[in-house]
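Residue numbering begins at 1 within each chain, and the chains themselves are lettered A, B and C in the order written.
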Amino acid sequence: MMRPVRAYYPILPVLIGYGILFGIGQMVPGKWQLISQLAFFCALGQAFNLFMGMTGYVDFGYVAFLGVGTYGMAVSIYYLFDKGLGLTMIVIGMILAAVFSTLLSLAVGAVALRLRGAYFAIATIGVNEGFRFLIEGARIWNGSDGMIFSRHMKTAFGRETAMALSMKWADVIVFGVAFLAAVMTLLYMRNKVGYALTALREDEDAAKVMGINVTRYKLIAFITSAILAGLLGASAWALKLTYVYPTDVFAIHYTVEAIIIVLLGGAGTLLGPIVGGLIYGVSKYYLAIVLPGFQLMIFAPIIIMIIVLFPEGTVGILKKRVFGTPLEKFII
Amino acid sequence: MIFEQLSGNLLQGLVLGSVYGMATMGLSLIFGVLQVVNVGHGAFIMVGAFTSLMMFQAAGVPPVLAIPVAFAIGMALGMLFYFGALKPLVSPSGSGIKSLDMRAVGMGAGILVALLVVMRFLSAAFKLHFAITLFVAIIFLYGFLLYIYGGRRQDKAPELATLLVTFSIGVILEESVKQLFTSEARGFNWAIGKLDLGVTVLPYTKLIASFGSLTIAVLLYLWFRKTRAGMAMRSVVEDDVGARVCGVNVDWQYALSFSLGIGLTVTSGVLLTMFIPVGINPYMGGPYTLKSFVIAVLGGLASPYGAFFGGLVFGLVENGSYTLFAQFQGLEPFAMTRFFSFVMLLVILLLRPTGLLKVK
Amino acid sequence: MKKRGLILLVVPFLAIAFFVAPAHAVDSIVIGHPAALSGSYAKAGEQAVGGVQAAVDWVNSVYGGVNVGGKKVPLVYKYYDCESKKESVTSLLERLITTDKVTVTFAPYSSGLTLAGAPVAEKYGIVYMDHGGASDKIFTQGFEYVVQTIGPGSSYHVGTLEMVKKIAPDVKRVALAYEDSEFARSVMDGAEAKARELGFEVVFKRTYPMKVEDLTPLLSDLKASDPEIVIGGGHFQDGQLFNKQMADLDINVKLLSLIAAATLPAFGEALGDLAEGVMGPSHWEYGVTFSEEGAKAAGMTWIGPSQDEYVALFKKAVGKDMLPDYHAAEASAQVLALVLAVEKSDSVDSDVLRKTLGDLTFMSFYGGWDIDDTGKQIGHSMVNVQWQKGERKIIWPEDAQTAKPVFPKPDFE
């Protein structure tokens, strides 16, 4: 189905947003880690929103996809570092991350996507925790000993390249994943998938009666979202931090962070996760500096306040305000 | 040998399971009535454990006598959080909302940011006082805005909002308790003898906890079946529109069942300290939240007594499967029991989402 | 109206303006620490921050500042809270290095978070001192600026086993039951190797998951293997649970030693009589007898407060009536190592400091301090404490004893 080009205008503010962020990181010395952390939050929100925002299904175990993605990259580097593959290893790692997260999302999809609402949320928590205990209990990939592969990277690429990979290129990939997630979101929104999912979000039974193959579209969005999460884990956690422990990557608070980001920005909007990620990241960073040790106590009531008083999120409110102005076509 | 171990484990599992079951009843009740999954569940269990600990340490009150106090604290907390945070999101009548005045909101946000900027230049010693002041200021600002504008019910993805709100409530509780009592793991020692059964040993405290759980479960059952108030609440679970037509104040039933659920959860914290009186710390609730989810699903998620039954099954399966997994080389049996319980969760959700029992 | 709505968006960006902080004066030594003050490691993080603060106070008020470049300059401590989250470690560490221009950085608690920060420290070429990451693997990764103060995990239970070998050579049956975490596993592997080397028979070896709520099945299994010695543990909560449920199940052994939990004051408070006779290996304990005289006799440099002075300083630093445990002492010893290294090399340059730290050997109230070429701590030996009549006594090694070991340990009543 062809759509006029102007339907894709909203990608412009996304591009500008990430561009400015990237620019600040490159121009201002000594801020790159902060910028990459912000990009991580934006990407996390963006990828999570792709499925959650469109369908209204809350995947509480979403972090499992990041976890298996991290393992994908880790396995590649840990076991292949002395095979002389060079940078191909990174590519293999990314592919493994995508494959692992696809497989997991298919498995989860087969079970959990039949469920709705709270049942879905609980089932996905079960998947995340169960998977972690499987890795620990059956001692898969070293079990709880995890994998530390800084040395492997240095052996394979040399010290300088390894450093550049983890301190710079990993973050660049995070930006890439964030942008890719935004593009995919917009594509789906302007496509059959998006229409079907919108119908489903409003009333799943009615959508079914209308003859929409609900399961298929749900699965498409779910897998896309999972792959993006896998790539994010592979870059932001494995390649950047060069270690992986199961308790560390299957930690449910990352899902909570994703939900907070999406809600701050506005669920189901394209710009929301970027705005939400920036607000969340910057305020968290600042609170950690200003009030070390108290920031969670301050942050939690603010979250409640925002959810109760601004359920549409920042972009949701903005959307209403620009309605009927020339800006309208840029903001969704 | 294996048989002996298995029967010992199963016995322990049954006793432990009854306490787990009790600890899940509140979660199921809240889900049944409000359709809200309380992600902050574990934090309320922690509050109960601290109640028990504090009363024992301050006045030597045995945990059994702390039950009514804990229940009252739980009811009060439940009311507070229901009206403070959840009502605007779930209440069937909470949708007549004015739109927010952005000037007021902007000013509020501005004041908060200004406070933070000021705080940047304060010494560490002042920060504690400032943090508490800020916390109180935020709560007041929130209360004020809520009073003036009200919240609005969310029709799209209500889970999203309620999951996050209950999670944040949990965080507030944990962090407040941490500020009050530090994050040290504490405990007390209440020993009144043991019962040696040959295959295993059971301290009387565990048996009392188990018996207490059963009593509370039976009382709840009777309350639901025999009293008017209980029946009114049950009618809301069945059909809230119908209940409203019949003259039930659905709004009040929501508040009541939320606070009753929290009351039960906090009480279960006390029972848990009879079982395990050590390792009490602000962050102890997390694992119980996850366990309770599994148990609630076993019991059908929306049914409190189903949850009790689910707890028993869960205790049996978790302790029993240990012996099974211990037979395999190269596996860590303990982690595998956890894996197994989550697999069980998925299987039940898939095959029998109404739970193992079909009681409604 | 529209503009006002945008306030919400603009305000966080205004905060960015504050990132460009005023430049620091060159005449001070600044320690930067992305501490773990909330989240999973909050307890250890709070101790560490108190420990660093106490040592910094001592250096500034008693020692009179750090002697560098011909004058005494004060030591400054700057910490942020990383919430025990890995992403925050990297960004806060970078801020400390680039914006706050710190002289050295301290790692947050735990091996994982230490590893998360290491690439940043390496990138900026700044010394990164590790007081809470016990994993041996950190030092096989080829990091050039990571320096350890805490001893490696594999050595935790070595002294315990040596003690049994010496005082009760006929005791043979050892059970190992540790938490399933990277740290506890490295302790377990070290203990197993040592046990086999000393001729013990390992009759039970299992782990339990982190944040466990009930250990009954594991302990029933352990009971069936009929051990004489039980060593294990992991963190604080599970150690208390371990002891309590051993008592519940009437598992009486000759020796019970638990890492981390059993060495802390809270353990005895929580368990009361049940803790009687329980042991634990510790990096430092109130009561260890390292003194200036002892250091002189051994021909080592001595620095730092005496033990009692230290405890007083610590209580003042945290503002609570709280005893320092080994997490605090490690962090403090690290500060003292830094002071000595700066004075010895008369420089604040990272490469010079790292090299000086590599050659440095000294003693403080914490004990010895010496690192090998990779940065791993080798100069610090551990002590074993035992709960005797509600107090922690040091029972091993013999030259540090404050009481004789009670062996076999009394049965649970």
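What we mean here is this: contacts are C-beta pairs under 8 Å (C-beta built on N, C-alpha and C of every residue); 3 or more make two chains touch, one makes a residue touch a chain.
What you see is a predicted model, and the numbers here were worked out from it, not measured in a lab.
A.B. asks: If you average the Cα atoms per chain, which one ends up farthest from chain B?
C.D. replies: Checked the centroid distances; the maximum from chain B is C.
A.B. asks: State the pair with the higher C-beta contact count; candidates are B-C and A-B.
C.D. replies: Answer to which pair has more contacts is A-B.
A.B. asks: So the centre of each chain is just the mean of its C-alpha atoms; given that, what is the distance between chain A and chain C in Å?
C.D. replies: The answer is 35 Å.
A.B. asks: If you average the CA atoms of chain B and of chain C, how many Å lie between those two points?
C.D. replies: 34
A.B. asks: List the centre-to-centre spacing of chain A and chain B in whole Å, with centres computed as mean CA coordinates.
C.D. replies: 29
A.B. asks: At which residue positions does chain A touch at least two other chains?
C.D. replies: In chain A, 133, 136, 143, 286, 289, 291-294, 296 touch at least two other chains.
A.B. asks: Find every residue in chain B that makes contact with two or more other chains and list them.
C.D. replies: Correct list: 105, 116, 120, 175, 332-335, 338.
A.B. asks: When you check chain C against every other chain, which residues touch at least two of them?
C.D. replies: In chain C, 1, 5, 8, 15, 18, 38, 42, 46, 180, 207, 209 touch at least two other chains.
A.B. asks: Given the complex with chain C, which residues does chain A contribute to the contact?
C.D. replies: Chain A reaches chain C through residues 29-34, 36-37, 40, 133, 136, 143-146, 148, 150-151, 154, 159, 163, 166-167, 236-237, 240-243, 245, 247-248, 253, 275, 278-279, 282-286, 288-289, 291-296, 314, 317-318, 321-322.
A.B. asks: Which bits of chain C are touching chain B when the two form their complex?
C.D. replies: Result: residues 1, 4-5, 7-8, 11, 14-15, 18, 38, 40, 42-43, 46, 180, 206-209, 211-214, 216-218, 220-221, 224, 236-238, 240-241, 243-245, 248-250, 261, 266, 269-274, 319-320, 322, 413 of chain C touch chain B.
A.B. asks: For the complex, which residues does chain A have touching chain B?
C.D. replies: Against chain B, chain A makes touches at 52, 56-58, 60, 111-112, 114-115, 117-119, 121-123, 125-127, 129-130, 133-134, 136-139, 143, 201, 256, 259-260, 262-263, 267-268, 286-287, 289-294, 296-305, 307-311.
A.B. asks: If we count contacts the way the header does, which residues on chain B are in touch with chain C in the complex?
C.D. replies: 1, 5, 8-9, 12, 16, 102-103, 105-106, 109-110, 113, 116-117, 120, 125, 175, 178, 182-189, 191, 194, 196, 200-201, 203, 206, 276-281, 283-284, 286-288, 291, 318-319, 322-323, 326, 332-335, 337-338
A.B. asks: Inside the complex, what are the residues of chain B that reach chain A?
C.D. replies: That would be residues 31, 35-37, 85, 88-89, 100, 105, 112, 116, 119-120, 127-128, 130-131, 134-135, 138-139, 141-142, 145-146, 149, 151-152, 154, 156-157, 159-161, 163-165, 167-169, 171-172, 174-176, 179, 290, 293-294, 296-297, 301, 325, 330-336, 338-339, 342-343, 345-346, 349-350, 353 of chain B.
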